[in-house]
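What follows is a set of notes on a single structure, which appears directly below.
Which chain is which? They are A, B, C, D and E, in the order written, and residues in each are numbered from 1.
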Amino acid sequence: MVMTDDVRRILGHYDGDTPGTRSNLARLLMAGRLGGSGKLLILPVDQGFEHGPARSFAINPDAYDPHYHFRLAIDAGLSAFAAPLGLLEAGAARFAGEIPLILKLNSANSLARERHAATQAVTASVDDALRLGCAAIGFTIYPGSDAAMPMFEQLARLAHEAKAKGLAVVVWSYPRGGALSAAGETAIDVVAYGAHIACLLGAHIVKVKLPSEHIEQDEARQAYVEARIDIGSLAKRVAHVVQSCFNGRRIVIFSGGAAKQDPALLYDEVRAIRDGGGSGSIIGRNSFRRPRPQALEMLDTIVAILLGKI
Amino acid sequence: MVMTDDVRRILGHYDGDTPGTRSNLARLLMAGRLGGSGKLLILPVDQGFEHGPARSFAINPDAYDPHYHFRLAIDAGLSAFAAPLGLLEAGAARFAGEIPLILKLNSANSLARERHAATQAVTASVDDALRLGCAAIGFTIYPGSDAAMPMFEQLARLAHEAKAKGLAVVVWSYPRGGALSAAGETAIDVVAYGAHIACLLGAHIVKVKLPSEHIEQDEARQAYVEARIDIGSLAKRVAHVVQSCFNGRRIVIFSGGAAKQDPALLYDEVRAIRDGGGSGSIIGRNSFRRPRPQALEMLDTIVAILLGKI
Amino acid sequence: MVMTDDVRRILGHYDGDTPGTRSNLARLLMAGRLGGSGKLLILPVDQGFEHGPARSFAINPDAYDPHYHFRLAIDAGLSAFAAPLGLLEAGAARFAGEIPLILKLNSANSLARERHAATQAVTASVDDALRLGCAAIGFTIYPGSDAAMPMFEQLARLAHEAKAKGLAVVVWSYPRGGALSAAGETAIDVVAYGAHIACLLGAHIVKVKLPSEHIEQDEARQAYVEARIDIGSLAKRVAHVVQSCFNGRRIVIFSGGAAKQDPALLYDEVRAIRDGGGSGSIIGRNSFRRPRPQALEMLDTIVAILLGKI
Amino acid sequence: MVMTDDVRRILGHYDGDTPGTRSNLARLLMAGRLGGSGKLLILPVDQGFEHGPARSFAINPDAYDPHYHFRLAIDAGLSAFAAPLGLLEAGAARFAGEIPLILKLNSANSLARERHAATQAVTASVDDALRLGCAAIGFTIYPGSDAAMPMFEQLARLAHEAKAKGLAVVVWSYPRGGALSAAGETAIDVVAYGAHIACLLGAHIVKVKLPSEHIEQDEARQAYVEARIDIGSLAKRVAHVVQSCFNGRRIVIFSGGAAKQDPALLYDEVRAIRDGGGSGSIIGRNSFRRPRPQALEMLDTIVAILLGKI
Amino acid sequence: MVMTDDVRRILGHYDGDTPGTRSNLARLLMAGRLGGSGKLLILPVDQGFEHGPARSFAINPDAYDPHYHFRLAIDAGLSAFAAPLGLLEAGAARFAGEIPLILKLNSANSLARERHAATQAVTASVDDALRLGCAAIGFTIYPGSDAAMPMFEQLARLAHEAKAKGLAVVVWSYPRGGALSAAGETAIDVVAYGAHIACLLGAHIVKVKLPSEHIEQDEARQAYVEARIDIGSLAKRVAHVVQSCFNGRRIVIFSGGAAKQDPALLYDEVRAIRDGGGSGSIIGRNSFRRPRPQALEMLDTIVAILLGKI
């Protein structure tokens, strides 16, 4: 594995971390077809936990099988595969070493009553990640929610342990709940704030939703107006989020949003991520809810976009 | 103990587990008259905790004695005997090595006021299971209930410890409470979702109730209709649950439901489990609330059904 | 200490326990004037915690002194002395080895407001019991109360530790609170259920109140009627509770109830305990609230009854 | 340090404790001008935590300096100095070995809203006490309050640790809150009950407020009437509290009550403590809120009273 | 590093601490242009956590980059740089040894709903501080708030650990919430009380807001009047706070208050801090929200004021 200058530059931002953690960040950045480019494309499969198996997999029944997702991620040449404990346990031995794994340590579900769905259950441990040969742990926080404080504290403990054991830390930062409006959950000020909090909590890689033009907090609006921050295009908003992540010293990736019929819409988003300086995408249901040939074609196109070829 | 190909194939699904855990799964799969067939038939006795001793045993007073249950399970050639701490302590030494044991780590009771009965007390530990020579721990979760999150987290911690100590993990997944209707607790979408969650939480063996044709969640109904999932027969529904458990990569067994006068009803259910690809049954009160000769005869018939002989 | 066949048979019921724990059970069963008979008579002094010193001891001021109780239990030839931490600390060295001790690990008090009195505080540890040379720990649970779940979990942890350290576990099982009526607290179905739960939680010795003829739970009533359980005399009810404790595989002892002027009433109860197959009595305020000579005479009579001499 | 018979007799009451703890009790009983008499006079300075610095020290500004209190206690020949963590840290090195120290492990404050003031924060640890060379830990409980149960459990854990590490345990037992009336907090039955609970929780030294003639609990009143307990004088009430502390087997000391202009009132109280068999006094604001010469004179008089000289 | 007499005198106040902790206090007191003077000037950057990145940095976009703050603090010759985990991780390796670091262990945020904002999340550990080469931990308490008790207990545990590991402890004491009025949060009695509590909790360095003339608590007002405490000027109020911190035996520093256009207002405050005997200032947004040249000039002036040159 010959390290590229792009990756070496990025790893330089993590000079406070141990060689173990930096090696695992390097594994993620050097894997798959984007390896060495400094870009990341990740397959996450936790939708079965969040929405149940039928809503996730019935449309493409092969996807009931954990091996399907491992193979899809490997064959598409992705950077990593992220999933909850049981799903990784079902394939980590068979596909050992073929793709970097991220163990998602907490999960939500939609069987729970609304007010109990305001948080996530911690369903696995850092030692589980080591046992399964993972490169990183994944953890979701809900900034703004009434459960945010305990979630931050859980993350702080788990991230500390992960770093001490040489793993990387990927944080899904999804503001929601509390005083936030529905539109506020993807407002540019809120997404940027949530991304910044993830960085302050010690995330190596931050995962957020693509931000809208909406500004949620009055105090923030004033700052956006006074400083004349340009949020008029998706690429500009991506750039603002990247700036909010220690001015680009932390890797930020963006989710593909709702399931989409037309992949062209997705390609436009990925171009905006690339043009705004984002580090890549994380694409779940848009991958595994399509037939495998279409999914592979779509992922192939996204790789090409991230590499700046199209 | 000459391993059969059926069991070897099933153990292959657990290639991410330690030799210790796989040995204990093998113990369960190679024990009794179903040994080697890949099927399981388990006797659980926790009804005394849930409903009290008189409602459980007065009808067949011999069953007040823990040894009665050990002997019944052994003489019927079952795969395992599952019970709470005290009950196993009372016979584990006397019957050491005669049948695999599953220590049930949490229990509910019906003395508690309704709202306090929404969860279960953790009444034993993984180390208790080791001390008593058990092959597995058993743990109940209530997906959908207001206590689901802490129950998932308890299971995550106990399952991690059990695996590290070479035990297998059996999860009773009983959706209930919260926003679920009474009918929803056995709705096909809810049972499949609950089984899937158990798999994601790292269960080796999942135990659910037999699902009805009812669909509880509106979002799920759409998926069932669109994907034309056939849930018109019990066997089809069993097959759907098996599919929801990592497409058959995890063992799923089904409970015998309410106490039944006529064993023929039970036999029909077991045939549906077998025909749908389920891995077997767990039959408590339908066993120990009958006189021993009748119970042995009934269990003998069920073994024959599971073996495909009748 | 020459072991009797009666005690050997009882110890046989605990064959799943370590030699350490069985030795301590043997200490209890071989101590005092009932030593070797398989019967137990225990002096508990936690009334000062529950009702305060004046209500407990002012009637017999010598009883303010912890040594008074040690001497009373020793001179009466009892099986054990049970008390909270401080009281044992005040005499355990002076009377070391003269009588088996049971450290009561949790306690209630009547200064607390009603709703806070629904549980007990854990005021000592298993290591305290070892330090003081005790043979057993004692722990109270309130099945049915809103605090029952955490109490069961506390007991599970403490009992596990006690067994690992070679001590015996005595559980005071007092159903109360929650949905139970006042009469329900001593209803035959509830007392039997509470005793059964204590056994399932791993108690070696269960202590309950004497049950009344009342049946509290409707579902249970049906079982009593259908199975024609005879609860028409106190001795029959004692026998039913003994049966509910693993058909006699666990030791059950009964409390003496409210303070009584006339000891004859107490003697009748003890005869019923004996005739129903109960293992003995635990008598607190009926002992130490009488002048010492009368208390010794009363305890002497009870010993004779338990030995079947009168 | 030549041990006196009085102290040897008192230490005999603690024969269940380790040599380490007994040595520290001896340090307290042999220190200062009361050394060897079996009496104790302690300076506590936690008023700054409870009422703030201005209300505590502005009247005598020298008292803002922690060294002032160390010097006052040493120069007055007191038995010990008790204070929270920071205050001891500021002088423990400078005055090492000059006077026994008691580290107060929990504290209340009057900035908190009423209902949050129902408990105290645990602000230091047993290891802090060891690090600072203390002879004992101090801990306040509020029997009767809604926070009493967790306070008892905290004390149980800390006392266990302190004893295992050779320290003595001093418990401030202040009934309050819950169902108690304001007058009830110093009612004779309540003070005696609170003192008894402290003993049962394993305190070596109990500190209570001087009791009034009021009886708070109806059930208790009956016991006082029936047993004709004499509570007609302060000395009699002190004697009753001493009796409630294991009939004198535990050291009980009394607080000086509200700030007093006229020291003569204080002297009368101390005489009652002495005549009732109390082991001494703990006097805070009555000491440090007077000018140093007056404080020394007052403490000198109290020592003389406790020694029976005046 | 030749120690000055001023610093040696201050370190003398910490004679109860380990050589490790005293070395780290010395690092803080000997660093930068104030090194050796006994004064401190600290740059804290946690505003991004509290108010989000746009409100904090958009006005001076260079400040999005963590390295900007490290360089500003180093180039201005400050005593220390304080920030949350992620921000320090992003520069601690690059700037290792160039300036003492303080790891802020807890943080608030303004995305949370009001009632959830009454506390702070603990987002890092003492071991994180060691790993990053910090000289001290920082921790915020809210005396008076409904969350004060658990915050005090968290601080107690973390401070104990920090001291055991040779670090210094800096406490931000910000009374707020509970029964306090808005004006009360900076009332002289409340600020002095909050500072005193921080000292009692074992802080080495206390950080408070500049107090107003307002007196919040009626009981306190009486003490201020009776003792004729002069709070008529800011310098006098600073002196009163210093007195409340163990009569100057603990270092107290003051925050710069709200963002100010005119630095002259800030200079007046710093002069009052100096004249009142305060140990220095902590200035965040007033530093990094100005362009770097102006910030450097302002900090240069403040240093000169603290050194008594202007």
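The rule is short, and it goes like this: a residue touches a chain if its C-beta (ideal position, glycine included) is under 8 Å from a C-beta of that chain, and two chains touch if they have at least 3 such contacts.
As the structure is a computational prediction, the values presented were derived from the model and not from experiment.
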Other chains in touch with both chain A and chain E: none
Whole-Å separation of chain centres (CA-atom averages), chain A against chain D: 58
Inter-chain centre distance, chain A versus chain B - centres from mean C-alpha coordinates, in Å: 36
In chain D, residues with contacts to at least two other chains: none
Touch-based graph of the chains, sorted into line, ring, star, complete or other: ring
Residues on chain C engaged by chain B in the complex (per definition of touch): 13, 15-17, 143-144, 146, 148-150, 152-153, 156-157, 160, 164, 175, 178-180, 189-190, 192-194, 196-197, 199-203, 217, 219-220, 222-224, 226-227, 229, 243-244, 246-247, 249-250
Footprint of chain C on chain B - complex, ascending: 48-49, 51-55, 58-59, 61, 64-66, 84-94, 107, 109-114, 116, 119-125, 127-128, 132
